[in-house]
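In the two assemblies presented below, chain A is common to both, partnered first by chain B and then by chain C.
== the complex of A and B ==
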């Protein structure tokens, strides 16, 4: 390129960059727009020969929309989508670089089969045949480990293939590791999963109470709403209830540093205070709630209790006792109770992994709903409890499509006869095809895969799609690494890059990702989001959904009965307008139709059963996501729902009911106020392992870093994992900033650099390590103990020791 | 050349806002746009992504800066300096990265 051309291009890019920033600066982003985007308009940078289209961001569960610029078959620019309600044009540092996830130098481009210990390239035909043969030989020893990053059609196809085709329910997603406790919490409280509210609450709350949630780093665009309101002069109180100081704490009015696990006691203490002060909302509770205790032994269903029994249970959690358990001062506990006692304030509780990755995760979710219901802080915009998710389609693909081991699409269950009948009817299966026995949840699935083949219930073939369990499972030595020493195990991995999981894979399938395929995600606020394919995948990489359908058809060719519907047709048969079957299993025909649309419309019939109605695909295609239930109005337009169970906003609430929990556990339209006791965690610091070890994420990297560590800006910004240690603890142990230290738990040890008073800081006796770094696998150290109901492991607390490494 | 743009949210105190604006104006690779209230559009021209990131974080660290939002990033040019470290090890060049002080100097614990 000539010097003139370079200068011209630079000036052009500068102009485009300044225009984008000026447009953003002109808006008060989440408030009243000074310079609103005109309907249907979107001020995009004008770049020559670049076409733009919408897509949700590939990373977290927020569901920001980006505009993707494509030139000559390549993504060349990304900017925030100003038409998107979720982010109004804003993106976080990961989102702005999302286009680069496609172009890492080591993209997988051809199927690889391990032969004599070496991975060698093979054809797709051979790869598909190898998988089909393994499954055909032992279908009940096969499992699928999927993801909250699967698109909705991908998850739906996998679910139908294994549950409807193989009569095998051994399918579970990585979302089991991040939000399963929220699912059991919602179901046991309201009778149906997913938040009743939405992000609009952030624009209306007076107090934002974060329960173990580093909101500023983990959901930075949503956090911008809080910052934005403050900049406009609004008073919004931020209370950070946390186990360590983070960037969120820096913005908080009150930072309440609690002991791990003590959140259970704190929530009960708030309930006790509300009753003591007679500040609970008697009218709301008597009108819309029942009380429930854990039962003996404790169970997910629990047992009914009276208000007096509830009062007696929570009365154990006095300010004094809770202060001892939690480490919070009586004044801090009183502050929390004050906020819930004040009905003039709107209080929003938010949580994510701190509450969900918890051996009492279900209980903690129950308690958060309980204090909001008891206090009547429920149902007004800005006033309620809301869980957030970490993956782009943990809600859409896992919770709604039902890719959990016990679930069927639309909130149905495999162990419920009526649910199975509905699924069999919708899938045109012979009666009785679906197995009534729930499959293995994640921890159990990997235990069974890492057990000798002659062990009862052992799994021999496991297909992983769109996730990296070799880095993200807890206690990796037990749940993953053992596979290397076992005979007869066959690990299939569909992915876009080499990962810790592909290290042990026997067959690697190169996948298309994000805008290399059509897709649909469902975000944290019930918003279903669609996008179209914009560029081609590299080499021979192909869609995950195609891979599943191709294997299904190979089994059909092998005359596997399960791959036939009740009329003998292939399970995934699709026909063109003339009625001829489209050979979708042949890659060259896969895009003859929009299979996403076909699968989505098939799936959509399930969504009406539990009032989770989705919009038709063409309607979705025009929107920046729509929050379900989406219902058709008399004028033919489609209306989304901001608040469920609330009269006037939820179309399924009957007139004059005010609130109606129409899937109520007790069948009387009431929600449950649960009592769940404080329980000591399964592993606590002792003389040998005197520290608490917490793990989590950082701003720059998303989950196991397989994408963000391939984006140079992000990798350079945060190149390695570290252990965060308190300054006084470090001093006592002779550890200096940057020193290599050995971190040891009962499950393993790891050497990594120490970081003192960095971005965040731990209180004495606490350590934190992020899990994004594939070269420093902290999950070799974590505990696989999990919530008895959600089966979600606790990555946030185990006992550890730290030693300075002497070189 | 790496070009990105930001919106810097200035403090409402006009003297402090002016001081920040002057600090930014003194940097050759930074071009200022027209402020809208407390929101100031800024373009950074850097030789590579690492340097760009350095300036982003430098702005973020200026006393009084309330918030920094990314508005635009161009990423269609090849850049040797942006290649992933082959061993993934922390680089002494990671100045201005998310871990200030860790690999630069020998800050001692108390």
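== the complex of A and C ==
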């Protein structure tokens, strides 16, 4: 025992010394690298016979790292990974219980085919053959609906299969419903997607301005990263710009309750005030920005305008008018401008679904970047605009791999000839293989799948992986449920549990999940995170990526030309050291090599095109994620990038440039300051439907609850959806706390309990319903109206009526 | 030669001093040590842990409190925390009970406990009214927060069963069973010899304030016998398995060598030793 104690003490000293050395060697070029040894030291729970390995959490886009404890082939414990910069050892209640997602008793374990209305078990061989035959018969009536929860290799394989193999671009992910507006916002402002900054901002900001973002419940670990600073004696000002009073509001210094959609007017009003006060950053703007207006008609590219034109446009958003639109007081609007006018404060704007799920989502993203660029609150740690995402690899698999209907990996587009050529070259395809016509975006894809087969452009076979559209699509009656009444439709669903989507599935494929397979995610701050398979999937469940490759090979066997590269080889050919092909399509050989590593390395060549260089797999395997661009230094080490476009931290910024937007829309290294007008939302409350209906999440549940509702600790804490209603509205309608009420919109109705001043409080005239509960599907009521540029629907506002019912 | 004389005196003085210090030290060690009571080691690989959480009663139903039957308000509640030097009575059964009670609210060792009472849904500010220093009312304990450097309590701690005003038909949904079997705890710490301070058998992560579980208002079975000594880690060494721990590799970015090591086999085998509670 004493020898044991000595050993552990020696190791402790060794690790302490290494930590200290690493701190010295850390990036000192730009701000401080924050890598503190957390309270309690860097140790793991002592659990005999338990092996530990790192993995990113399965749930949200924060990208916390967990340490997963495995014993006898089962996950038995999870702890926060204190070497992870994102979460520094802390998790939220979902993260601590993430190991339990594998063990719901109703895991899908065998392929199921619907025969005469009944789901019957079939073999994998039969399942793969059924899919391949459907695709072979009508490849252009086939579509893939994917996910921001796909791993990077999975999304890459699916994208290559359909775009490179089937010459079909009908692939779109659920992330379309989640962050597509952020993508169009970044591209139209900076010419290239994804945040230039990172979570380090949370450690440095003086003012945190939340735009329609219930940060405390949606990104709790990041929220803690800010509010815990107060415990250390730091003074952080939290401004909560919100439509309802939440847990976030409780910690805010200022709660600014605004009317839905008025964020557009508020942002323009801030710009107007900055110009009127002459408090805008003339030097920054003249050095690094151009102005842009929406054009007529409004477009994603817009048209150049002068500063004077910009000034005239925003001058319509006077404090008085904006106050009228937004419901904010003139003092509150002044306060916002004060913060942006004060260059001594570091102001961080954060947003997520409130801004993105918006019929003016692209516009609102443009405006948030605009006020930061105009005021010069940009580029210092803690000082800038940053969008957050909701899924663990919405950035990695969707935005970077390009699993969108118009995109190719590495920021290329299918409707750009050069982009197609690069992809065809990298994929060794014959020239002209890739279809130049963008495919259907999510809403359109489901409209086409829910249209009779003989209508123009209808889809007949749809393969869903790692997502639950039967619950998460808007206006479900129109976009999903209608499938049940149509002939000739074939819905394939790869998932881990029965869901609202498998209800209508014709073929269900049981999938491996999370640490049952190798994987790579990309989080909200450009951090690419790798993990290894730690346990086996249950029953006959198999990797989603294997499923895709097996179908591709079956098509290859059916002599489908698209499954061959220009040399006649199978699209996903992998060879062993002796040069012979590995039969990856046979499950027993799938893990003969690390296919994740092979696909990732193939994909990596795309990432250098737009300066989003990823680290080699072995380097990634050693890190707790690395933020791209990751470049190799002369000494052979690899360096990540915390702030893009900023000299001293971004390796692609030329010396003495200070800021260089090297993918600039205007080709002159400048970012765009956009004007976008306030636009009235497509549906507003009226006499018949007098309430605003908002939907969203709660802390305990993640998205459609298929995982979290199977974790007793989370399910018991939040077992049911509810409608949040204002106290005065409730008393006027005779609704008491807990009463059953009927919620009605133009698209459907739903009976659920009313909760007054429960988890949060709505202002008068507003309702809120969380969407996690598969028994109370609020998306039967929501509107599918979407942003004209990002095609992202607005789940946050539609008109509703509420009635008391007796059960 | 004349200088030879003081030597025995000095030597005697040294011997006397050493004996005095020695006696003092032994007395001190006896003073802080726990009753000698050999017990068999509790097997906690998977003890029977009731799945129901014991709910914390409201203060007006705890007879021993001043607020019994709503007799006074919250501020008048009289705590009955033990004194710093009160004798500590602790048996192996009490320890066992305490550990099992602890597990009622946790999915596995290291999971944040669920909250066994209703909470204010919208804020966490009032958690610390009771849990900042911990309090004891009757036999009920509000444990002291073990990680005071974190503020957002409700981020990790959710209600065991939320106190909804909703009809049962909304709440009582059939949910599938979960077959996760969490690792519960490692076992007791090691001792170099009987009477030596045991090592800490658990991680210090989220448990940096020892007094949360071992202090004056902790569950009786887990209380320290010497609460007046405040620097616990001076004598109780961490026994956390660190063999796996790679530290930080040198370089410009935070990277670590590949991880896939097990908890130390030594600590695994040591858990087979009988616990000697001094």
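Throughout what follows, the second predicted complex is superposed on the first by the 764 of 807 C-alpha atoms of A that agree within 3 Å, B and C clash if a C-alpha of one lies under 4 Å from a C-alpha of the other, contacts with A are read in each partner's own complex, and residues count from 1 in each chain.
Here, contacts are C-beta pairs under 8 Å (C-beta built on N, C-alpha and C of every residue); 3 or more make two chains touch, one makes a residue touch a chain.
Quick caveat, the model's predicted, so the values are computed rather than measured.
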Using the superposition on chain A described above, determine whether A:709 touches chain B (first), chain C (second), both, or neither. both
Please indicate which partner A:699 is in contact with in the superposed arrangement: first for chain B, second for chain C, both, or neither. both
In the superposed arrangement, which partner chain does A:241 touch: chain B (first), chain C (second), both, or neither? neither
Of the partners chain B and chain C, which touch A:740 in the superposed model: first, second, both, neither? second
Compare chain B and chain C by how many residues of chain A each one touches, and report the one with more. C
Dual-contact residues of chain A (chain B, chain C) 14, 16-18, 21-22, 25-26, 45, 71, 74, 76-80, 90-93, 96-97, 99-100, 104-105, 224, 227, 231, 699-700, 709-710, 712-713, 715-720, 722, 737-738, 753, 755, 758-759, 775
Touching residues of chain A toward chain C in the complex: what are they? 1-5, 7-9, 11-12, 14-19, 21-22, 25-27, 33, 35, 38-54, 69, 71, 74-80, 82-83, 85, 89-93, 96-97, 99-100, 102-106, 216, 220-221, 223-224, 227-228, 230-232, 245-247, 250-251, 497, 532, 619, 621-624, 626, 630, 633, 637-640, 699-700, 709-720, 722, 737-738, 740, 752-753, 755, 757-761, 775, 807
Under the stated contact criterion, what part of chain C meets chain A in this complex? 107-112, 114, 121-125, 147-152, 154-162, 164-167, 169-171, 173, 175-183, 185-187, 190, 192, 199, 201-208, 237-264, 266-268, 270-271
Quick check on the complex: what are the chain B residues that touch chain A? 1, 3-7, 9, 31, 33-36, 38-43, 45, 49-50, 52-53, 66-67, 69-76, 79, 82-85, 88-91, 94, 97-103, 106-110
Within their complex, chain A touches chain B through residues 6, 10, 13-14, 16-18, 20-26, 34, 45, 71, 74, 76-80, 90-93, 96-97, 99-100, 104-105, 224, 227, 231, 698-700, 709-710, 712-713, 715-720, 722, 727-728, 730-731, 735-738, 753, 755-756, 758-759, 773-775
